[in-house]
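Input: a single structure, listed below in structure tokens.
Chains: A, B, C and D, in written order; residue numbering restarts at 1 for each.
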Amino acid sequence: MGADHVRRLDRGVSGARVAAVADPDTGRAEEAAAGIEGVTVHAEAEAALDAPGVEAVLIASPGPAHEEALLAAFARGLPVLCEKPMVPDSDGALRVVEAEARGGRRLAQVGFMRRYDAEYRRLKRVLDGGRVGRPLMLHCVHRNVSSPPGFTSAMLIDSSVSHEIDAARWLLGQELTAVTVLRPRPSAGAPQGLLDPQFVLFETDGGALVDVEIFVNCGFGYQVRCEAVCEHGSARVGEDNGVLLTTAGTAGAEVPQDYLVRFADAYDREVQAWVDATRQGRVTGPTAWDGYAASAVAEAGIRALESGRRTPVDLAPRPALYGTSR
Amino acid sequence: MGADHVRRLDRGVSGARVAAVADPDTGRAEEAAAGIEGVTVHAEAEAALDAPGVEAVLIASPGPAHEEALLAAFARGLPVLCEKPMVPDSDGALRVVEAEARGGRRLAQVGFMRRYDAEYRRLKRVLDGGRVGRPLMLHCVHRNVSSPPGFTSAMLIDSSVSHEIDAARWLLGQELTAVTVLRPRPSAGAPQGLLDPQFVLFETDGGALVDVEIFVNCGFGYQVRCEAVCEHGSARVGEDNGVLLTTAGTAGAEVPQDYLVRFADAYDREVQAWVDATRQGRVTGPTAWDGYAASAVAEAGIRALESGRRTPVDLAPRPALYGTSR
Amino acid sequence: MGADHVRRLDRGVSGARVAAVADPDTGRAEEAAAGIEGVTVHAEAEAALDAPGVEAVLIASPGPAHEEALLAAFARGLPVLCEKPMVPDSDGALRVVEAEARGGRRLAQVGFMRRYDAEYRRLKRVLDGGRVGRPLMLHCVHRNVSSPPGFTSAMLIDSSVSHEIDAARWLLGQELTAVTVLRPRPSAGAPQGLLDPQFVLFETDGGALVDVEIFVNCGFGYQVRCEAVCEHGSARVGEDNGVLLTTAGTAGAEVPQDYLVRFADAYDREVQAWVDATRQGRVTGPTAWDGYAASAVAEAGIRALESGRRTPVDLAPRPALYGTSR
Amino acid sequence: MGADHVRRLDRGVSGARVAAVADPDTGRAEEAAAGIEGVTVHAEAEAALDAPGVEAVLIASPGPAHEEALLAAFARGLPVLCEKPMVPDSDGALRVVEAEARGGRRLAQVGFMRRYDAEYRRLKRVLDGGRVGRPLMLHCVHRNVSSPPGFTSAMLIDSSVSHEIDAARWLLGQELTAVTVLRPRPSAGAPQGLLDPQFVLFETDGGALVDVEIFVNCGFGYQVRCEAVCEHGSARVGEDNGVLLTTAGTAGAEVPQDYLVRFADAYDREVQAWVDATRQGRVTGPTAWDGYAASAVAEAGIRALESGRRTPVDLAPRPALYGTSR
């Protein structure tokens, strides 16, 4: 995850530069930092925090190392993005909260990435918009194909369901006040001794109920679903195209009104692919020949529209430069 | 579109810097360039091409201006991303092709952004993978809520259907050889005199048939669909979650096997949002309090798992710093 | 419900004749029996059981009257179809079981109609077929637009969830061994004092878990869903076209292989509609003109196929007999 | 098809009795008539028409025999349900129309069974309801897994597309005025020499356009779809659960408001299954034990609701009569 975030900061997002990478295994740090101009590599997190050019910190070390790194960043007044779990034990997590609160300004963001998922954001907007009324229940499903070695029954809760814990708090704007865990007979597909699946029930301070199927060795796919059942409708994400909204008499999805909405990502990817290829001295993507062919076909189309007849398309011979690929 | 691309190059993609902006209306160029460090502004495209630091060109001017700008870029050996239509008339488009071919290396990429849409790419992969066999027909639908003022019957072909022209050539890897346009009675929702909808049929040099419903005043939404009917199955994008694949006996969609696939965009957006906020001296997103609450709830969950009982969650008082928003 | 079943026996199904109708309110019985040849009407159930021609009994009286009627039918050796609940209290239900068991042969069928629903039957077939492995959990949803006057919190369980109780037992082939009921804060749409929705959890003697959302004042629609999560896949009915089956890597529905499957109901309805109209001396449905028009258009189509051209259809003038309706 | 209809009249629908069966192959007629009380068997259609008890006729002979049988039925004033094609050649079909018109009253119904399909009927209701405005185009898909031996290119039109010809005329309430047939390169899955698939275009006297993909050797399933694109929305059947309606800003399906709508067929099947079993002296379906178990579980559920606790279910021992099946 750390190397993945280094790559993301270096090439995936704009406006950031990787100034320093820290890992007790400096060989791994070197590898992650390879090819990044001006970066320094460190064995100790604190040394990286003090490296020249460091203005913010992304923490992706194992959970137990987070508390120390967070406190060190706070001490330097550095903004932090900290992967989840912020701190695995709640006592340590509370110490971080108190340290930040003492400083009097927010420095930490925790890496609950579902809040940035397009579907979850739309679901949040639907709930906040008030159209479907107060949420009464959230039905959640969280399935993994298989669990990594060493995964314990407790980790189904604190590693997997923790995503639903945050998502439920965020979607509902409520705190969770009690929890019950039901344990059906484990699947034959789960490692010996692992209680998988589990069915987890949360109650909230707003009187809502949240149920979560967690099944980390389902074998058939990675599936994350959430249905909010509300006083005037239900809204669901995770298996439809966008939010499936059921209100009086109809079940359906919003249809976008604009190509900029539908193809926003395509424009971003197009320009990014062009920038990436250009920096490597290459040209990829649709060619001038494609541009010419489109014009020639469209012209034939307009003649066909006017004449009402089948109209042949005449193309010039294709120059060798454009090969046969399109 | 030009200003949108300036913003995209400046802040939406990584690895590029906007060095110069050209627009005959320099006020508009100034506006687009506002706040970008080191940028110069020009009335003439050629002046911009010669500005210091210019290593590549994105052309988003009106179509008739493209040919001259492309040839000027070619003359300077600059890579170009040119918005569609590359050149509106096919004679001009052919001159661009010939100029690039004379130069002996590819410099131009045309802005057919559907090739960068996640769903279209998956459809392309399905077709190229050979699993569904040779494509026999493409059924396409292209609907807009309403057309802009001045939109003509011919523009349904050369402005709108041109996307399907390129997508069909790319998906099939075939040239289009003939076209027929059918004109049902126009919709009452279309402006007086506009032949809308139209139904356009293309034949290809591989014996396939492409039909396109183009309806630019449908009123109900922006919809782009494409179904490839092949010798061993059908594959469709544009209304399902990903590619709907129908093969012997089943119709269904691929289920992702991994959270990195499902939430790849969420990770990118999360880190980008963090970088953007940090550069403005702000902290947004999930707070340390959210991190603490997740840990505390997960701990109660593990106790509930072990005891088999309903287990209350005990949270410390929330520091004022975290307000009531989550 | 009683009158509805009388109509169904008289005209909806084949092979049965309504011989006697009983209702303490004989006016209502007369009304239900109106127009049925040879029927007798009774105030007392037992009198109806003894009426000439009675070979079987359908009980659709209020639940508390069922026990006596069932025992009377058993005493006469008459087969019975008894609407649910068979007997509302379990002591009475057990007396019925014991009476039938004493007789040594089965006479009673209970009206759990979901076992006859096409989708539920397909789900049962999928589960029994073994393809998705042992069921681990059933997630059920049962929503009504609104509850009738006088509906109590307990009736959400014994009137509504009783359908899921039977469906779960039938689908799983397991007995339910324990139950827990969770009560989120009631919806503002529920009558004052009604605990609606509820979330009900059943454990089974096979180690499976069954959860049921029951929400009888949801306001937005009548929805019944059931997802079986199994060791090798999940299967769901109630919101898709047939069974949505998710197995390794794909989520999808079976595609029928034959028009007799797809249009089986249409053939039945067609012939039934024709019989019904004919008995009333009427002719409805597609006319000879429709048959002629289809032939004429098909002939033009074959000419178009052969010529490759647009081919006009020539229709004779339409006789007045066929009006303008089709 | 004939034997299938004999079975349907005898046992599938109510209100009819099979009085006579005719087939030049009287052995086949005997077989179809086996077990039907009072039926007579004939080699000649006319003899069957004159058999005692014949009040109406269902014609399911090969198409070329229809004209004679229809005229004979008309001569006797008998109502007829005639399988499609009514008469294969349009001249013969017109003679039937004229004969019926001369008689001055309708006697013939043609077997276009799609008009009786639940989804098509809902689509028709949507179109007639006016909510989506005037239909502009129908996009139809008609796919078979494989064609029977001897199927010709012309039969794709007059045997297969004839269903769409009638459905289009019925849905639109318009006559078809011209037809064009496009022939993509045949699928490798089609028999040598068969032009399959074809793409058929119809124009109507109301200015609408109807396109039909007919593909009778698609290999992957039997699929029949129809999307009506209208001035204010689109409505589609054949792949969703009911009618998929797209109107301003949303795409979705109607949600039923009532269990009688959702489970209407289940009630019919339940009672029919009970009648059928009873006539054979058998009892099938949910047992008294199932009724008892449901009551016992519901009682435990109500105690769980009241106590807020997990509540065990106590069942009496199951009598041997009920075996282990449920």
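The rule we apply is simple: contacts are C-beta pairs under 8 Å (C-beta built on N, C-alpha and C of every residue); 3 or more make two chains touch, one makes a residue touch a chain.
Keep in mind that what you see is a predicted model, and the values were worked out from it rather than measured.
S.K.: Considering only mean CA positions as chain centres, point out the chain farthest from chain B.
M.R.: The most distant chain relative to chain B turns out to be C.
S.K.: Could you quickly compare C-D and B-D and let me know which has more C-beta contacts?
M.R.: Between C-D and B-D, the larger count of C-beta pairs in contact belongs to C-D.
S.K.: Averaging over Cα atoms per chain, report the distance between chain A and chain D in Å.
M.R.: Taking the average C-alpha coordinate of chain A and of chain D, the gap between them is 47 Å.
S.K.: From the C-alpha centre of chain C to that of chain D, how far is it in Å?
M.R.: About 19 Å, centre to centre.
S.K.: Rounded to the nearest whole Å, what is the centre-to-centre distance of chain B and chain D, using the mean of the C-alpha atoms as each centre?
M.R.: Distance between chain centres, rounded to whole Å: 43 Å.
S.K.: By the touch rule stated above, which residues of chain A touch at least two different other chains?
M.R.: 220-221, 223, 239, 246, 249, 251, 255, 257
S.K.: Residue numbers of chain B touching chain C in their complex, please.
M.R.: 245-246, 249-255, 257
S.K.: Which bits of chain C are touching chain A when the two form their complex?
M.R.: 133-134, 136-137, 139, 141, 182, 184-185, 187-189, 197, 199, 201, 203, 206-209, 211, 213, 215, 218-221, 223, 229, 231-234, 239, 246-249, 251
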